[in-house]
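Shared between the two complexes below is chain A, which pairs with chain B and chain C, respectively.
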Partner chain A sequence: MAETISNISLSGVTKRYGDVTALDGVSLVLEGNEYVSLLGPSGSGKTSLLRAIAGFEAPDAGKVTVFGRDVTHLAPHKRGIGFVFQNFALFPHLSVYDNVAFGLANADSPPPADEIRRRVTDMVRLVGLTGLEERGVGQISGGQRQRVALARTLVTEPRLILLDEPLGALDANLRMRMRDELRHIRERLGVTFLHVTGSETEALAMGDRVVVLDRGRVAQFAAPDVILNSPANPNVARFLNRYNVLSGALRGEAFASAYGDLPYGKRVESGDAAYGIRYDRIAVVEETAPASGVGIPVTFVTSEYLGSAVMYFFEAADGHILEVEHHLGKGRMPEFRPRGKYRLQWKPEDAIVFG
Partner chain B sequence: MESRVLKPVLAVYVGLFILFLYGPFIVLTILSFQQGPEGGPQFPIIEWSTYWYRHIFGLTPPSRVAPLPFGESLIRSLTLAFMTMVTSTVLGVMSAQAFRSKFKGSGFVFYLIVLGMMVPGVLTGLGTALVANTMGIERHWWSTAFVTHVVYTFPFAFLVMLAILNRFDASVEEASWSLGVPPMRTFRKVTFPLIFPGVLSAMLFAFTLSYDEFSRTLFASGRDQTLPLAIYGTFAVEIHPNVFAFGVLTTLFSFSLLTVYAVLMTMSVRRAGRAAIQEDIA
Partner chain C sequence: MAEQIETAETTRNRTAYWLIAPGAVWMALFLAVPILMIVYVSFWTQTTFKIEPILTIASWKQFFSSETYIGSLFTTVRLWLIVLAATFVLGYPTALFVGLFVKSKTLSTVLLVICVIPFWTSFLIRVLAWRPMLGKEGAINILLQKAGLISAPIEALLFSELSVVIGMTQIYVVFMVGPIAFMLSRIDRNIIEAARDLGASFWRIFFKIILPLSLPGVIVGAIFVSVMVLGEFATTAALSGRKVNLLGNIIVTQVGSLKWALASVVGVILTIIMGLVIAGFLRVVDLKKEL
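After this line comes the complex of A and B, so read on.
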């Protein structure tokens, strides 16, 4: 791993809690000025990784280098790494202004008072909190608190900011708005964001690159479209929540599944064998219609209206549920008979096989 | 049905509780207004007067009842209580802070600290006196007695702070560190203001426990007496209502301490009230 003055490098970071290995030799290189999302199911070690980078917990092994400086054994306050907490962790006894000014005013060598005032005022304006400076942090809304948490961190000008599910405590509407705002603010300041999230939509939408963490290891680190179109292993495909993942074994040119041999287009080297087909690449036809491509007989179970798309749920002969996504832009919502017999069909080249 | 029976029973219970709590004080207060200097410490009241209050402050003509020798012992007790309060609270906060991370042998140390309030006071006092004699250390209220007071009140301060820190959300401290603020300043600017209500309670415990401590002080304090010892000493001669008048005055003093505590508490809770709302939403 190349450590340079302009990147953040983790190599072999390992953390154990008793018998549980939270981080198992994580190695990553983040560039300066990029937005990286860190995706993983709960218990995958996302928060442990963030806390190890911030210095709240010392790793058992491995090295953390931030912009050319080895910080592995440095106290958190000497690292110059910002941290935004899921619960915001604002200082409840201070006003909005004092929360934002806290880091500057209490630094080891604080800047002059008028500079603090200028920088805090600018930052308060940048995050859109002008007029609320004298409020207590309990007297503002959730979204405003989120902005205080961000402003408080940004004003100390760290070049790396770690965000631990920063949108988790906000309602859905606000979450969408804050997504844009986070990206916007980051681009303006040119800092690196490492954003932990359990939501695949959020990770893919926000990150310039996405790290997928699985059981304490980096499963994949790539651009969102690469992750989406060629997940590195069946688990990544499952987290993405956009693939039907079928089990079976790879036999030469076909994948032997519970529904017979399935042909495929792309093969991804992986320890686990699985067959993946995206929700939105599947066509639904009557059971009696002439077969084309790959097909599985199924029974219709239920549907779920999502606004811009509809999700249909079908049950295969062995009870496995397969999901089909129909974008309403492609035409109106088809209706299926309850418990009706249908066949799911797709082109072999749209399917990925792992093994 | 249940509440129709339970409520009156509980009401009677609370009534009795308050009666036993304040009854002695009310009787004392009434008797302190007995006529002087002939009136004794019993009913009936011959004539209402403030004679015994004036007597305490030496404002009455000399009579056969000697003035109470409380002046110096009161100063001693207040000084001792203050010293104990400061020492125990500082120790309590520091040790409770240490217990936030489970160190090796923390369970053993916990019981070692708590033992200070469990061991009978007479034993502690007597033991301290014996050790001091053996080692040739002179006993004073400000030396040996002070040590026994700290040993006694420190566990209370420690337990109060332990309970407070147990519920403390450490992420605000981590946030402060990540903003570049060193741990000591983080404690001063973030942790301490947030645990201040607990610190106040610990101080109140330590002060009041030390102020009226008797059994430990009896053996450990040496020649100069603290207030509880001096009061007890006057009982050995003859009781006059001036002791009651003095009791009323010290109780009023305790109430004023409680008022100060309540005011400070309200102020810091009002500040932290914003925090509570924040937690509710998060």
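After this line comes the complex of A and C, so read on.
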């Protein structure tokens, strides 16, 4: 892992809480000026990693360098890293303006008053809060509070901003708008954002690159399309919520599963054996239809309408639920008989085998 | 539909009035009426052995022309300010520790209960227990002499204004600790981390974030302590050797010699002082907004 003055590097960062290993030798290199999302299920160590980078907790082992400077044992505010808290953590007794100005006004050697005023006013304009400066932070909406939290950090000019589930406290509508907004603000400032989220959709949509964390280790670090098309292991495939993951064992040219030997197209080296097929690469045919490609018999359970697509849920002979996604752009919504017998079919080249 | 809702609401309101009724009746009978009575009696005519409802300002004149009474008015205010300051200086750090620095909720509850343990014995015992502590041959003097820090016992420890201040501070400090610790425990820890991340030093964070956010607790604590100290008479009686006379002590003495009119005058003055003090504190912080 190369540490340079233009990147943020973590090498072998380890953190234990008693018997629990929250971070298990995490190594990562983030470039300057990129948007990285950090995806993982709860308990995967996302927040611990963020807190270790920010300096709220010292790692038990490993090294953190920020733009060529070893900050492993430095206090949080000396690292040049900004932190946006999940619940925003605004100062409830201060106005929007005073919240944004806090970092500048209370620095060890604060800049002159007119410079503070200029920088705060500029930042308030950048995040679109002009006119609300004198409001209390209890008198503004959730989205506006999110902007205050961002502006408060950005005004101190950090080059790396850590965002801990920044959209988690917003309602769905606002979340979509703020996604755009966050990307825009970052692009205008040319800083690095590390955005922690538990939502795979958010991670894939926001990040120039995505880190997938699994049980305190980096499972995969790649561009969103790479992660989606070739997940590094069965767990990553599961988090993505786009794959049916079947268990079994790899035997040469086929994968031995509970539904017989399944042929596959691509193999990914991994410790755990599994067979993955994307929800949207499966065709549903009558049980009696002529077989083609790979297929397993199933019973229809239920469907869920998502607007642009429909999710169908089928039960295999052993009770395992398989999901099929039908994009409505591909044609009208097919109807299936309740508890009807069908066969799920796909091309072997669409399937990934781990093992 | 609208009518139904209105009916339901009216019923709820009527129930609410019934809930407040016993309290309201109690307060009217035993607080509002007696206060008006005290004001009335303060204008009655007092002779040596009897009191008559003939209106006069003689008792008021007597109070304001007596150096002793005016003196005790100032003593009351002075002692109140000293005890208030002492409970704040002693109580705030304690509350800071219990409410903010102790991370475990269980431990902080245990610590608060420990603060309240002295209340398991009676007020008088707690006050009188200071005598063997502070006396000429008391525990503190013996310890200091044994340690070789002093050659002769410090007599000013007991039966002085100092002993009254010590006694009152010990008894009332917990009323300062409680509300402050409560407000501190409600501060979101992330706010403090955010301030730290933005580069503010410990003292900056304390003065700009922690102190302002705990101010409502300080005000509530100050109101508790003020109301109790201003009405005090027992601690002074037990620990001052009759050298310190508060307005409360004068009321006790006057009532003891059946001088109801003068006692009422002092009562009215004390009530006015307390009213002003509480109103003053409430102007500092909008408690409605904070709690």
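Following the convention adopted for this analysis, the second predicted complex is superposed on the first by the 355 of 355 C-alpha atoms of A that agree within 3 Å, B and C clash if a C-alpha of one lies under 4 Å from a C-alpha of the other, contacts with A are read in each partner's own complex, and residues count from 1 in each chain.
Just so we're on the same page, a contact is a pair of C-beta atoms (placed from the backbone, for glycine too) under 8 Å apart; a residue touches a chain by one contact, two chains touch by 3 or more.
Keep in mind that what you see is a predicted model, and the values were worked out from it rather than measured.
Asks: For the combined arrangement obtained by superposing on chain A, do chain B and chain C clash, or do they fit?
Replies: clash
Asks: Which partner chains sit in contact with A:N173 here, chain B, chain C, both or neither? Use first/second/both/neither.
Replies: So A:N173 meets neither chain B nor chain C here.
Asks: If you stack the two complexes on chain A, which partner ends up touching A:S308: first (chain B), second (chain C), both, or neither?
Replies: neither
Asks: Is the number of chain A residues in contact higher for chain B or for chain C?
Replies: Greater contact footprint in residues on chain A: B.
Asks: Answer with first, second, both or neither: which of chain B and chain C does A:P92 touch in the superposed model?
Replies: Both: A:P92 reaches chain B and chain C.
Asks: Check the residue A:H77 against both partner chains and state whether it touches chain B (first), chain C (second), both, or neither.
Replies: both
Asks: Would you sort A:V137 into first (chain B), second (chain C), both or neither based on which partner it touches?
Replies: Touch partner of A:V137: chain B, not chain C.
Asks: Scan A:T288 for contacts with chain B and chain C and give back first, second, both or neither.
Replies: neither
Asks: Which partner does A:S42 contact after superposing on A: first (chain B), second (chain C), both, neither?
Replies: A:S42: touches no partner chain.
Asks: Output the chain A positions appearing in both contact lists, the one against chain B and the one against chain C.
Replies: On chain A, the overlap between the chain B and chain C contacts is residues 54, 56, 75-77, 81-83, 85, 87, 89-93, 102-103, 106-108, 152-153, 156.
Asks: Which chain B residues qualify as touching chain A in the complex?
Replies: Result: residues 169, 171-172, 174-183, 185-186, 189-190, 193-194, 271-278, 281-282 of chain B touch chain A.
Asks: So in the complex, which bits of chain A are touching chain B?
Replies: Residues in contact with chain B: 54-56, 75-83, 85, 87-93, 102-103, 106-108, 136-139, 142, 145, 152-153, 156, 169.
Asks: Mind pulling up the chain A residues that touch chain C in the complex?
Replies: Contacts found on chain A: 54, 56, 75-77, 81-83, 85-87, 89-93, 102-103, 106-108, 152-153, 156.
Asks: Can you check the complex and tell me which residues of chain C touch chain A?
Replies: Listed in rising order, the residues are 188, 190-191, 193-201, 204, 208-209, 212-213.
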